[in-house]
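I have a structure here, written as structure tokens, and I will follow up with some questions on it.
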Amino acid sequence: MNDDGNGFLVDARGLEKRFPVKAGFPRRTVAEVRAVDGVSFEVRRGRTFGLVGESGCGKTTLARTMVGLYRPTAGSLFFDTPADKVELVLELRRKIAEAGTVRGPAARAELSGLEERLEVLRREYDVYSLPKRKLAARRREFQLVFQDPWGSLDPRMTVGHIVGEGLAVHGIGGSRAERAALVRDTLVSCGLDPDAIDRYPHEFSGGQRQRIGIARALALRPKLLVLDEPVSALDVSIRVQILDLLKDIKEAYGLTYVFIAHDLAVVERVADEVGVMYLGKIVERAARADLFSRRYHPYTRALIDAAPVPDPNVERRRAPVRGEPPSPIAPPPGCRFHPRCPEAVERCRLEEPPLAQAAPGHYVACWMRPPHRAAPGADRPGLAAAFGPGPVVRPTPAPGRSTGRAGGA
Amino acid sequence: MLHYLARRIVSTLPILLGVALVFFLVFNLVGGSERFLYNILPPKGRTPETIDQYREAYGLDRPVIVQFLDTVGDMVTFDFGRSESTRQKVSYLIARYVPASAALAVPAFVVEIALALALAMLCARTRGRWPDRLVGVLSVAGMSLPMLALVIIGQRFLAFEAGLFPISGWTRGLGAIRYLALPWLLWVTVSVGYDVRFFRTALVEEQGKEYVRAALAKGMPRRLAMRRHVLRNAMVPILTYVVIQVPFLLTGSMLLERFFSIPGIGELLVQAILSYDLPVMKATVTFYTLFFIGFSVLTDLLYAAVDPRVRLG
Amino acid sequence: MSGGIVDKGREGGASAARGAAAIGGATRGRERGMSPFRLSMRRLARDRSAMAAAAIITAFIATALVAGTGAFGIKEAATVFDENSLDTMRYLPVGTEGHVLGTDGFGRDVLARSIMGIRTALYLGYLAGLMTVPIALLLGAVAGWYGGLVDDAVTWLMSVVVAVPGILLIMSLIQIVGKSFTTMAFAFAVTGWVGLARVVRGAFLQARESEYVLAARALGAGDARIVFRHVLPNVFHFVTVNFVLQFVGVVKSEVFLAFVGLTLVGEATWGSMIDSARSEVSSGRWQNLIGPTLFMGIFLMAMTVFGDSLRDALDPKLKNAEEVRS
Amino acid sequence: MSVERDTASAPRGGVPKPGNAGPGAPRSAAPAGAARPLPARPAGLAAALAAEAPVLDVRNLAAWYFTDEGTVKAVDGVGFKLGKGKTLGLVGESGCGKTATGLAVLGLLPPPGRVVRGEAVLGRRDLLRMPEADLAAMRGRDIAMIFQEPMSALDPLMTAGEQIAECLEMHTALDRRERAEKAVELLASVGVPEPALRAKAWPHELSGGMRQRVVIAMALACDPKVVIADEPTTALDVTVQAQILDLIEDTQERTGMGVILVTHDLAAVAQAADEVAVMYAGVLVETGPVKDVYAHPAHPYTKALLGSIPVVGQAARQLVTIPGRVPNLARLPSGCRFADRCPLAESACRAVEPDLVDLGAGRRVRCILATGRAAR
């Protein structure tokens, strides 16, 4: 799409969020839920980054951490930060790590100097290190849309108050009338009747409520919308309406999206780049076309294969993987997917694979894939036939899987 | 299990300490104040000297910290000295008065809860139909009438006029049942209404759960599903409710024991209050508090027995 | 649910508008929606037993207010000793002309005293509620909102207050401060706040994690705004219902206090009347029992029924939890 | 069988008022005046054509909720036949009455819902006009249900094994020990690893997929002839969904049970069902063999619904938008219930509610545009 070459709007580095599990008397932390466990990614301005994963993989936690609802246990989020500053920060970190190994007073002085510089930069650019007031002011630039259109709207407030709350909080729009006009505008942009302003959430259907939720986020004219499963609570017939709406406002307001879903087919439609999450980690990340054609990670492959196709002429594939995702309280050692992976070998049980570049712009965390091994299509032609064509080429529909069918109405 | 019990008992210590603090505030700081003693001492004894004597006798003149530690010590050893009016040892008095109270409260409470459960089950099963409505109306009526009025009416008509029960009195041994029958009846009548309403709500809520529907889908008759799934699951809120009721046993037994001349703790407390018998008041109230806390611990064990999600250890 | 809102899709917007017109029907146009509170009130107004109860309560309150002004001589009849009846005619039985419910040992009209008893009950119940609600709201809210140590402290306080027999606190407070209705109300508040505080704490705990609170946070709303705009309005119905329940409890407790000799002697309270009936019934004098018991029974029954309906109306989840699943 | 007069035959006014009978009773209290379709099957040729009698034959079923806010006609004239060993996909969006249909057939509709008319014939007996005790005896043994939320369908205070054994307790003469053994066997048969251990586990100790397997084992315990699976995969992750569909399919092959797959997921129906019945706002709008219906949907709603599903690998295909929303079941529009959202709707659509018309080849559709005005 329109790559304006402005670089990254979001640059998340090593995000980590753990929740303590408290129990007993006196209360103490008995365990930790490692909901998000070291996640890094960038989102280009005006693009959509899609995040896919099953329940419990930490995608909702990640969404909430990204908009500052949760304070991360570790990591930085650079939002709307010049690329050179990000690089500078990273370089400083590297230097600090190096300097830490050197002993002596000179090294110590250098270290504290470096740390000071880093701190200054972080306070300026890292969302999580911003002073409270600065963070509050910046909140309007990144907004969250919730999954549940029922639970996320205060039942006792009018739509006008719900959508206008952000304006009131940030003191945008001066007078009451101006604010109301802004709210009406936003409602219309979201496909709602401006008269909805005086109504209450219970008077609306799920689809309309989700529009209200989007309007609430949009009213602040943010740069980034984090969409946490925006359509999965909705009926099939309503989903397309909301997806269309999201597309429209993205163009109209020049938004950047982080789109979170469990449904690969939806993500494939909206995302420019896709990350696949499993148990708090991103296991594969690539441009959309690359990801869906190469499907490097066995988990990505399983997700795609498990998704049923609404065509009775396509023979259903048997369940591609066994079992269920284990608890994020006690993730398995080594590769977290190994207990369910059909290709797991000894090394997967012992060592955790890093997210490494397997092809240009395509990152995979798997010992059985490039760069650690050749792509499965190369040395195992049987698999390539079973899983679709090799890299780059767009998948052609299997015979009998009619694409255009039922398309027009 | 034992480990859990031990931990649970330890966890009540802060509460006991808080209770000691309350007692200390009420009995020592306020109860020892000049104005207060002046109010409660018999008119002829109201001289500065007698007040000082009184204070000294109960250590109310000692440093505040010492007094507080004394209060804690009294509670721990359950030794509150001698009664102001009878000069008997308080622990002896308590021991003597407990059986009658227990004889009144325990069967009445058990019957009350059991009857309420039965009625609530009936209501839940016939929800919205006449048995449910009838019980509902009767419960509200029972709740709205003052206990004292019912006691007066009951004693007058059932004991005095109809001669079904002795008017009042007490005896040791099984013969006491004769004297207890009417108080039991009144107790249950007065308190069952609240319970039925609460239990009904708990049961009805449980009744709507999906697993009850699942049980019916297995072919289970409604009655059995009611007992096996609804009742068992409603036990958690019901148990909680029962614990909360325990402190109110004191109020009930105070009224009934006094009214029917039953020599129980309630009666002991009323007498102590009327004569401001400090050691007996302290002891009685401590007894009830300990009883309540013990009961809560017991209930926690019951929770664990009923609900596998409550983990022991 | 009635939506006059055009759910505009990308295609067929016109047909959607038609659809909305057909579905929404009368509720279309530039008109305000119904707030959940107004919906509750409408539900309440439709509940016949609630309306009957409300009528009774209103009648009681009105009677008490009128009687308080001294109109119809009710106040006088309730308080002034009848000099003439002091020796012979002391107790006039129920049904005597001019004294429908008879007179008591001082020749005071029992009906008038029962009516004056409403005033005491209202005063006590209202005052106790007025004192309980702020305590419970504050402690419950603070515990639920801040959690951690604050929560532990409040929870501890609640456990202690529950563990100490309430009657002890009430009695000692009355002994200490002296007998007055204000003291009694305060004593009820000190012992009675725990129930509401627990509910409020739970509601705050829940609200803290609710999505609409998270949403407000994401917009940048501060704690104060969230608490007052989003959380407090949602505990309102607990407060209302608790107020009614506590009212019933307080009025009944007054009788018990009278029995232990801790009510105000000489004032026209239902408790003191029933307490004096205790010794009178043995000589066949029932008026002091019948009058207040009747008044109290009817009044409290109406309160209870109204409280139930109010709860159902404010929180329809309870009543129709399983309604409409399709 | 030309036109099955499904809904039109029920007079709107001839419904028993709520409140004059308890929730249990009115199953048999269909209005005397309501003309139901003749229960007798057409003799001769038609009977020969229907070579195999259906295991479950639901006719003209209506189940309404009598709420304070009005009568919600959740199910308003639904009829279908389920063949032995076949799977019928009952598809629809939330609020279309599909779950209520399943519950009504089992007689488990929660108050204030009641069946107001219709039949559900299972083995020559009408489930809807049966004494409660007889129905209870049939539930679990002849017709069972798989619930949507495995966590809430399991009693938290009972072990998985006990809950499976309960079904055996109701319908077999096995003693406690035998039941426990059978429960372990059942757990093994639904693919639970270490079944003996899992039988002793509490529901909260099991994962979502395991719980759903337990719920399935519960339903299958007595080899029912018909299983109503109410959104059995909705609460589960995609990778687990596939496992559960495998399991249901395998069991069906083994036992020959008929399955009603109640779902909103058209893809699941495409892959697991033989027949499909599409519900909209309380009525069936289209039924027929899955392959035919999906290849040539006759009803505009079916067509639109199929076009609105995103499919992996088909990102370029334009998705169909269905404007508006499902109408309020308490205040239905006149005429066709879909007319307000239908891109093809004409004035005639709003005039009279169309009948479910037989198109031949086992297909029926409720749309005057699809059947042509002549057919009416």
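We call the chains A, B, C and D, going by the order they appear; numbering starts again at 1 in every chain.
Everything that follows uses one rule, which is that a residue touches a chain if its C-beta (ideal position, glycine included) is under 8 Å from a C-beta of that chain, and two chains touch if they have at least 3 such contacts.
Just so we're clear, the structure is a prediction, and the values are computed from it rather than from any experiment.
With respect to chain D, maximal separation of chain centres occurs for B (centres as means of Cα atoms).
Here the chain pair with the top count of touching C-beta pairs is A-D.
Rounded to whole angstrom, the centroid-to-centroid distance between chain B and chain C, based on C-alpha atoms, equals 24 Å. The centroid of the Cα atoms in chain A and the matching centroid in chain B are 56 Å apart. Averaged C-alpha coordinates put the centre of chain A at 50 Å from the centre of chain C.
Rounded to a whole number, the gap between the C-alpha centres of chain A and chain D is 36 angstrom. Within chain D, the positions touching two or more other chains are listed as 103, 110-111, 321-323, 325, 341, 343.
Multi-chain contact residues of chain B (touching two or more other chains) are listed as 208. Residues of chain A in contact with two or more other chains: 205, 207-208, 241, 244. Those residues of chain C lying in contact with chain A across their complex are 1-10, 27, 29-37, 39, 152, 210-212, 214-222, 225, 229-230, 233-234.
Residues 27, 64, 67-69, 136-137, 139-140, 143-144, 146, 148, 151-158, 165-166, 169-170, 191-193, 195-196, 198-200, 202-205, 207-208, 211, 213, 216-217, 220, 241, 244, 248 of chain A touch chain C in their complex. Every residue of chain D that touches chain B in the complex is listed here, in rising order: 22-23, 103, 106, 108, 110-111, 132-133, 136-141, 144-145, 147, 149, 152-158, 166-167, 170-171, 202, 204, 215, 218-219, 221-222.
Residues of chain B that touch chain D in their complex: 126-129, 208-211, 213-222, 229, 232-233, 306-309.
Those residues of chain A lying in contact with chain D across their complex are 54-55, 205-208, 235-241, 243-244, 262-266, 268-269, 288, 292, 302-314, 316-325, 340, 395, 397, 403-409.
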